[in-house]
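For clarity, chains are labelled A, B, C and D in written order, and residue numbers in each chain start from 1.
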Amino acid sequence: MSTPYNAMELMICCAARLLEDGRTAAVGTGVPCAAAMLAQRTHAPHLVMLFEAGGIAPQLPTMPISVGDSRSFHRAVMATSMADIMETCQRGLVDYTFLGGAQIDPYGNLNSTLIGGDYVHPKVRLPGSGGANDLASLCWRIFVVTNHDRRRFVEKLDFLTTPGYLTGPGAREQAGLPPGTGPYRVITDLAVMSYDDETKRMQVHSLHPGVTLAQVRAATGFELGVREPLAVTEPPTPGELRILREEVDPHRYVIGRC
Amino acid sequence: MNILSQGEGALFSDPSADRARQFFVEKPRALTDKVMTVTEAVHRFIHDDDYFASGGFGCARIPTAVLHEILRQGPKRLSFAGHTATHDFQILCAGNGLGRGPTLAAVDIAYIVGLEARGLSAHARRVMESGEVACTEWTNYTLAVRFKAAAMGVPFLPARSMLGTDTFRHSAARVVACPFTGEKVALLPALYPDVAAIHVHEADRYGNCRIRGTTVADLDLARAARRLIITCERLIPGDDIRQDPSRTVIPFFCVDAVCEVPFGSYPGNMPYEYFSDEDHLRQWLAAEKDVTTFGAFLETHIYGVGDFADYLQRCGGLSRLQELRRHEFLLHRGM
Amino acid sequence: MNILSQGEGALFSDPSADRARQFFVEKPRALTDKVMTVTEAVHRFIHDDDYFASGGFGCARIPTAVLHEILRQGPKRLSFAGHTATHDFQILCAGNGLGRGPTLAAVDIAYIVGLEARGLSAHARRVMESGEVACTEWTNYTLAVRFKAAAMGVPFLPARSMLGTDTFRHSAARVVACPFTGEKVALLPALYPDVAAIHVHEADRYGNCRIRGTTVADLDLARAARRLIITCERLIPGDDIRQDPSRTVIPFFCVDAVCEVPFGSYPGNMPYEYFSDEDHLRQWLAAEKDVTTFGAFLETHIYGVGDFADYLQRCGGLSRLQELRRHEFLLHRGM
Amino acid sequence: MSTPYNAMELMICCAARLLEDGRTAAVGTGVPCAAAMLAQRTHAPHLVMLFEAGGIAPQLPTMPISVGDSRSFHRAVMATSMADIMETCQRGLVDYTFLGGAQIDPYGNLNSTLIGGDYVHPKVRLPGSGGANDLASLCWRIFVVTNHDRRRFVEKLDFLTTPGYLTGPGAREQAGLPPGTGPYRVITDLAVMSYDDETKRMQVHSLHPGVTLAQVRAATGFELGVREPLAVTEPPTPGELRILREEVDPHRYVIGRC
């Protein structure tokens, strides 16, 4: 019988398993950082973490609070500039990035700029792109880890802050974004989504244990296809949970969030 | 150049390299003593209606003393580069919407109103949702590229970001095809701030600076700014600088004022010096929820405060700062 | 983009950012041990018909061991970035016009055939006046900008240099008007060398590098190059690098080979280590005047030499190197 | 009566006197370096020297052999990159530069690329621009210090490596070079030349002691105007010569060249 786990722990494990050894990941604080740290301690010891403010391959003593705080380059091999990190992405040397947002659409486009009203008088002003648009434009594979609900998974964004597949097949290339880049997986508390190779629309890739397709569709504000055969997400192993709880996040900063 | 598409956003600063040269030709470049108080530096170098930019990364290595002094000196109606702006932006927003100021008139937005994982600033949201501050959208990298263009002395630089998004549509960038390869790029106009403030670890009296840890966009910002105020943890002898010139990252001729402000990034983090004061940042976020409470909070922590040392005293003084030093070095974790 | 004027020079490398990305996506980026001999590094990473670039400043911090090994391994028909190129270019030219090689097939020229105040290289002149090496003209800054464009991952960058001259006419640059200001700029195509060699003070086994003193164009060159060979005065433990990450200037993922070569910039100067051997450089210049003499000189100093340590031995060995250390620190002047 | 001096000493003194205190000068080895060091020790203690390879405000213990050797940043305030130096010029922060060349024309354009033949088969291949074209494009005032003869002062260059006033009034601006920049003085072993404000052509500004206008014109391959009233160059003062010989160049690396 398997060890009990919470949704956050499952999401982190799902993300960690998708990070291949010897690759580079531009990560932020929280889940991405936890996922990368877990991957390093399991199947991907040579996974390299980069932080947008300039930290390269740090040995994190604890979860950073900010992508720019001193933890983000603790015992790093280099502490450099934001431009150096972003240009490493622009040269094509960064494989993964993790992003979030208040809204995501069927093509994996993200909104972190505003909700409601108009541009001059938004109902809610959000931070804006930060480095998200840059990382989503320049890294090879985009991961999104987020909670799954209809307010977040919408047919039409209030503002397209950060590029997913934009309007669909060929749209990124047409806009001038580097070929071969784009959204890869969306990991939520209900399921893992991938993108249809033809339509570039989000599709259910695997359902978390005990979750039905109907539940996922009910929590999604747009038509959601299915990748056949629809798999069930592997639950976290006791080993993953032990490392996550004892080594990666002993203070439960991230895994304690739900 | 043949423009394929163009953002609708406004430019809040002049990207002309020639007009910047006309300013820089007059800028003093002798090795002279520039040490002064923050009050004097802000009074002399930050003027009403200036375009202002601030160094560091939101809650890390920020020139807090300069930001507080801007509020204390009253209306500046600044344009501001909202680049990785968290607590720094939160401070400037306190000068709007509360019967003083306005401190902010326009913002080039890459990241504002948030404090990363700490949450959103209620007051910064009020200010930015009011419509009283003009906005143009960018990203952390493209704003950094705009500083780099100015630092290089060219009117624009290309980048492969922002393409195809509403962020681009609300920016002032323009898309062209590379004449050598046909690859589409966004051209970013140079951003020469009228004045910038950067907090560093060590500087000599002439303004030669050392920074430890990530430099974010500060090396380009220092060169892009028409006027530059440096606050430093420690003034060091000029001879120390000459002993190891490889460690200098900002040369004196970029600098107009050097202010020694120990713990000058508080409540932000200063790498290798002290960690951020998360309790104090939580108090800010909490106080902002109610306008009256926030007004009183600002009176206690900024307007009614003599100088930055006084502010540090009110926030727990040396014993609190000692704790934050222990946190920075993880001594509280037994390291 | 609307091209106002255009140089007639040939491009010897592909400025495409997308094709560079297709290479870099496959480039290993794990922290793995890359220590090997210069012979192995040159054999594995410098191929016939490659575009090659070399770091430092002509007679300062140059990767001499790599340059000698290129000659010893025979024909490479390289395209070369002649950027501040003095003794380094003089060495490569020795592979042309003497019955071996050719080592050089094409040169992007900013500075070649000269050794600054030391005079012109007779043999480099013979090679470059023969017409057997294809040429395009640039300048020290614009070639550095071409490396910077590649390092940034964009297909071009603008600069305000070369305009109105024959240097421009024989370059591959193009003039456009800035879409924001109308100011004319020269667009420089990105230069991604197939391979580069840079000599540094210290590196760890993974390729994280430290340089003291001026960096010339090497930080951009390291990022621009598809493959990178590092020679270093000293290998240091990876833990030393992590103790002070602010001192790292080239990150490991740019690097393919790390070769420990003490006195590796000889007969060039290595700042804070040893001064240039002006006597040896004078011998080179003298030997070049006569082809037969020069052939014998090369046999003695390169072709007939086992490795770089053997070369150092033939040039006076440790006692000479001790003198050059004293010169570097001006001890011979009583400092 | 005045101390005896040689032509090199006179040229260095002429150059030094034209460097104002508190200004910046991008200098090379030899004469420019000696002139800047002399100026610092006389009327311009706050003159700032920059070297193209990255040295800022060094305290030179001896003459550098190369603009990139370790002398060029000995006890400097910063050792940086070539791009940082050139971009400081491009921003408009560098007042003076010193250049030379195998040929100079009436508009102060310089050739350091080739002599004779054609581009593919030159009779003499020279180094090319190096940083000269950049510095002449980006610094405010260009100085040339050179020997004066008809092979060097020519009506038409074999190759225009480095911009002077190009084809005359307005040509630099038309080409896109920063307004307000250009050639300022040419200092030779015979005279000091400046440029006519209207025509931008070189003109004799002052004759060195004992030199006649006829001699200068005989040594010049193009028509050379005169700035009225034609002055006589002030000879080096005993003080200047003492500093030059005892402090600046005790080993006579530069002043021993003639």
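Operating definition for what follows: contacts are C-beta pairs under 8 Å (C-beta built on N, C-alpha and C of every residue); 3 or more make two chains touch, one makes a residue touch a chain.
It should be emphasised that the depicted structure is a prediction, and the values quoted were computed from it without experimental measurement.
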Chain-contact steps, minimal, separating subunit D from subunit B: 1
Neighbouring chains common to subunit A and subunit C, by label: B
Distance from the mean Cα position of subunit D to that of subunit C, given in whole angstrom: 28
Separation of mean Cα positions, subunit C and subunit B [Å, integer]: 38
Approximate Å spacing (C-alpha centroids) for the pair subunit A, subunit D: 58
Where subunit B touches two or more other chains at once, by residue number: 17-18, 152-154, 159-160, 183, 185, 212-213, 245-246
Shared-contact residues (touching 2 or more other chains) in subunit D: 55, 73, 79-80, 83, 90, 138, 178
Topology of the chain contact graph, where touching chains are joined (line, ring, star, complete, other): other
Touching pairs among all chains present in the structure: A-B, A-C, B-C, B-D, C-D
Residue ranges of subunit B in contact with subunit A within the complex: 56-60, 82, 84, 86, 109-114, 116-118, 120, 125, 128-131, 135, 137-142, 144-145, 148, 159-167, 170, 175, 183-186, 212-220, 269, 271-272, 275-276, 278, 328, 330, 333, 335
Subunit B-touching residues of subunit A, taken from the complex the two chains share: 29-30, 51-55, 61-62, 65-70, 72-73, 79-83, 86, 90, 109, 113, 117, 119-134, 137-138, 157, 159-163, 166, 171-172, 174-178
Contact footprint of subunit C on subunit B as seen in their complex: 1-3, 11, 15-18, 152-160, 174, 176-181, 183, 185, 187, 189-190, 211-213, 245-246
Residues on subunit A engaged by subunit C in the complex (per definition of touch): 21-24, 46, 48, 55-57, 59, 73, 75-80, 83, 87-93, 95, 138, 140, 178-180
For the subunit B and subunit D complex, residues of the former touching the latter: 17-18, 20-25, 27-32, 150-154, 204, 206, 208, 223, 238, 241-243, 245-246, 248, 251-253
